[in-house]
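Everything on this sheet refers to the single structure shown next.
By written order: A, B and C. Residues from 1 in each chain.
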Amino acid sequence: MKIGSEQVRHVARLAELAVSDDEFPRLVEQMGRIVEYVAQLDELPAGPERSAFLAGPESVRLREDEVRPTPLARTPAQMAPEFVDGLFVVPRLGAMEEA
Amino acid sequence: MSWETVIGLEVHVQLLTRTKMFCGCPNRFGAEPNTLVCPVCLGLPGALPVPNAHAIRLAARAALALGCTVHGRSVFARKNYFYPDLPKGYQISQFDRPLATGGHVDLDSPERGRISVGITRLHVEEDAGKSIHDRIPGRTAIDLNRAGTPLAEIVSEPELRSPAEARAYLTVLKQILLYTGVSDCNMEEGSLRVDANISIRPEGATALGTKTEVKNMNSFGNVERALEAERQRQIALVEAGGRIEQVTMLFNAGSGEVRPMRSKEESHDYRYFPDPDLPPLVLTPQWIVEQQTALPELPDAKRDRLQREYGLPVYDAKVLCSERPLADYFEAVVRAGAEPKAAANWIMGEALAGYNETAVFAVEPARLAALIELVKEGTVSHQAAKRVYPELAGNGDSPKAVAERLGLIQVADTDALGRWVDEVLTAHPSEVARFKAGEAKLMGFFVGQVMRKSQGKADPKGVQPVLQERLSK
Amino acid sequence: MSAVAHIARAVNAGRTSALSAAHEAARLLRKADADGLNATLHWSEDLLRGEAARVDAHVGAGHAMLPLAGVPVAIKDNIVTTEQPTTCGSRILEGYVSPFNATAIERLRAAGAMVAAKSNLDEFAMGSSTEHSAFGRVRNPIDHERVPGGSSGGSAALVAAGVVPAALGSETGGSVRQPASFCGVVGVKPSYGRVSRFGLVAFGSSLDCISVFGERVDDAARVLAAISGHDPHDATTADRPPLELDGPRRDLRGLIFGLPKEYFPADLDPGVRAGVERTIGAIRDLGGSVKDVTLPHSKYAVPTYYIIAPAEAAANLARYDGVRYGVRRVGPEGDVRALYRATRGQGFGAEVRRRILIGTYVLSSGYYEAYYGKAQQVRAAIARDFQLAFTAQGADFLLTPTTPTPAFRAGEKTDDPVAMYLADIFVCAVSLAGLPAMSLPVGRSAGLPVGAQIIAPMFEEARMLGVASALEAVVPAAGEVR
């Protein structure tokens, strides 16, 4: 499977990554190389879905419903690039507008 | 052309846990912004999620109450998208292996009688934070207190056929969820949210039309209004030769209109995959049975039982079962000795008005039962009892003591009654003569006069025999 | 006696203070900086003194002995600490100071160790040479023109240069074993779930393991034991208590070491081959034996890894958006989307951006089944290969080269991403299977270190470390292999 520049643009949009026009051709070429390389897995037949690998314990350990937050040595105000009246602040939504 | 409407609803409810879904922060509404946060729900580098056992328990109970199959193995998945109030850039949810599938909600459709609407699935996920758009001009402010709150998402099959039916479904769904105590289902506070999918098709067609999504409805009434508006819009569009586009419509409560979202978003590609930070959720059959057993009696079953056990009419049973505390109160009053129909009447009348306002019952079951007993024995008239009732709030006095204090004890003593009767008969000699001459309906007049003379204290049941006896002399 | 054991014993006994160990560490750190290793991103004498004061107070108060008392440990800068920044070698986290400590850090401190420095790494642990740090490459102490390996190159270099006796790194696809081999030190990757990931900045969540470098096996083993064990903050940790080390091992009688034929290609670097053969000789001398085994899906390990790791990374790095912490840049349109795209586009380096894009691609609609879905199945097949090697094929451990060549020159592989990926060819499969493994320095080839890899069955770190220390005693790490 090859990857074209439209696909690279689409994926960059999904990943919210700006790619400058000069970097773009090189990036498409490198991504093409990588995609071609990993497509070796096509050589193997597909198996049933349940045969997927599971790292870690077989089942998740649940936590008791007790108030026990991890303490913060630094507050949101101290970490945030922009913080007003106790709130994180970002530019207007613009193209991301939702309800 | 006759159009059929097809509606499916996605309801999100916040679960009543002490802590958030994946961290030990308090799950509380109304705190100072960004104070109920920690590395996990802030999405800080290096933080990891650990699921809340009680959230799973509540979600499983909700699923069982809705007749779903709770699966022994379900998987948490990452739903990837960017939004300022989504700290990790993904939401931990469930995708192709949800907690539960295959339930139903039975309800009375305003148009079609009794129907059963399928529930496709119920799964657990975490809530996002809150974006506040109008606080600072030209900017969006974000409060992450809500980020990480446990949610159950309940998806219905597209089996609703009208906006009114959608509203009825929501009413019953909320009732069931309140009964099970999994959420407080408060749309104003955001603990219950509704998104709708709606399409139209020619009457009799089987293929589904293109659907639109409708959002931003903040009450069940507005869900109905919004869907009605969108239905009209779709019909008008198609009848004018246009085609429905798969867009998201936002409801405006002020205008009652729906409009498409401004952004021409390509539909989201959420790139779901199993969350590698969370092994599968495994629930034993035994545990699932325990949750089923822990379920309270549900509304339909309680309604049937109230009718059977107490001989209540359907209407009364429905009203009393509309909320579990009402039904519990009713049964407590009956257990304290009151006759069921009388108890039902009093609760649907006096008690309900107060409960709707304050969410508590002003009078404990034992004292309401005692009051009802006083009326039954004739110690006070029904009218008088209604004056006693409000006086019972805020103190521990017995109804009898209050009635006495207010001078409302009915007099049934024949001597006293006889005295009043004599006074009345003496005062109305011509009516007496007319009665003795055959105008039997004057009995009502005499009873009324005795009641007036006694200032309402005479026991009406005792007055008539005394009058009869005196007038027959 | 290993350096770690020596320091701890002296400090516990009151023969020396943690403070003097701190001064010595500071002196060595200054020298490493002066030598231009560029292995550290943050360290300060003040912070070191603070660490030492805590240990000395504990010892002075006569409390229980601390297994790592006064031991200075370098920490890869993708493990969060509250006292100094954690940058992950990236501009996007420049100046970011975490408000919480990683569990591994808390356990190190509880054992009496001192955080000596945060060490340089490939950006977000993505790389095999530490040439992809936003803060400059790290030089291999043995030969400054060569890379120390990656992504944990800074930690490896600090141990190799004798600045600290032990260091923490992290592995996703071999990022501790490979640099250990290039730098001539011991590198140990525990079983997945043995050490808590709480506080390790996530890259490939189903693969990531905090791992340990040591001058010698015993140094690494003691540090690993101190940080291991179940953590309620990490749902992927195994339900096991901290690692208990076996006593030292004198011989390898009765033990069978499998040699997977796929790891000994005909064109294997002769120096590397000689190093492994010397190790095989030592195994026999110590009473063990070797046999051929096969891991048939080996060739698919690197491509499988380069689907799974980037996919998980793409999601894990979505949180770096300039909203709540870190660096923020806003693009020309001035809206939130412009904020994301500029912050991320400019804050992430080229390798990180490539991996995010590949990861996003393999998860995207229409491609999931063919790539990610398939890769997880192949991964299961790779894990089964190892299982069979340890059961049906009768091996107690596996022995392989750690890397296909000794350390390569800086700049040699940066043009072709796939060429860089192939540096992980012998370490990658182990990560996919979640197994414990380690690299032991087994000699030099024209002066460059050569490492041999020992792979153990799941949760058998203690036996593996015992075996490695037996071999370490008889295989001269600094001697030429031919």
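Quick note on the criterion: a contact is a pair of C-beta atoms (placed from the backbone, for glycine too) under 8 Å apart; a residue touches a chain by one contact, two chains touch by 3 or more.
For clarity, every value in this text was computed on a predicted model and none was experimentally measured.
Trainee: Please list the single chain whose C-alpha centre lies closest to the global protein C-alpha centre.
Mentor: A
Trainee: Which chain pair racks up the highest number of C-beta contacts?
Mentor: Highest contact count belongs to chains A-C.
Trainee: Between subunit A and subunit C, tell me the centre distance in angstrom, where each centre is the average of that chain's C-alpha atoms.
Mentor: 23
Trainee: With chain centres defined as C-alpha means, what is the inter-centre distance between subunit B and subunit C in Å?
Mentor: 57
Trainee: Calculate how many whole Å lie between the centre of subunit A and the centre of subunit B, each centre taken as the average of the chain's C-alpha atoms.
Mentor: Chain centroid spacing, subunit A to subunit B, equals 40 Å.
Trainee: Can you list the residues of subunit B that touch 2 or more other chains?
Mentor: 39, 42, 50-51, 82, 84, 140, 142, 144, 269, 271, 276, 278-279
Trainee: For subunit C, which residues are shared contacts with two or more other chains?
Mentor: 96, 98-100, 206, 232-233, 235-236, 314, 318, 321, 323-325, 336-337, 340, 360, 364
Trainee: Of all the residues in subunit A, which ones touch at least 2 other chains?
Mentor: Counting only residues that touch two or more other chains, subunit A contributes 14, 16, 55-57, 60-61, 63, 70-72, 76, 88, 90-93, 95-96.
Trainee: Tell me, which parts of subunit C touch subunit B in their complex?
Mentor: Contacts found on subunit C: 79-80, 86, 88, 93, 96, 98-100, 102, 197-202, 204-206, 232-236, 311-312, 314-315, 317-319, 321, 323-325, 336-337, 340, 360, 363-365, 368, 372.
Trainee: What part of subunit C is in contact with subunit A in the complex they form?
Mentor: Those residues of subunit C that touch subunit A are 82, 96-100, 192-193, 206-207, 232-233, 235-239, 299-300, 303-304, 306-307, 314, 318, 321-328, 330-331, 333-342, 344-346, 348, 350, 353-354, 356-358, 360-362, 364, 369-371, 373-381, 383, 416-418, 421, 432, 434.
Trainee: Quick check: in the complex, which residue numbers of subunit A touch subunit C?
Mentor: It is residues 1, 3, 7-8, 10-12, 14-20, 23, 27, 30-31, 33-35, 37-42, 44, 46-47, 49, 51-53, 55-57, 60-61, 63, 70-76, 79-82, 88, 90-96 of subunit A that touch subunit C.
Trainee: If we count contacts the way the header does, which residues on subunit A are in touch with subunit B in the complex?
Mentor: 14, 16, 54-72, 76, 84-93, 95-99
Trainee: Sort out for me which residues of subunit B touch subunit C in the complex.
Mentor: Result: residues 39, 42-51, 78, 80, 82, 84, 87-90, 140, 142, 144, 269, 271-273, 276-279 of subunit B touch subunit C.
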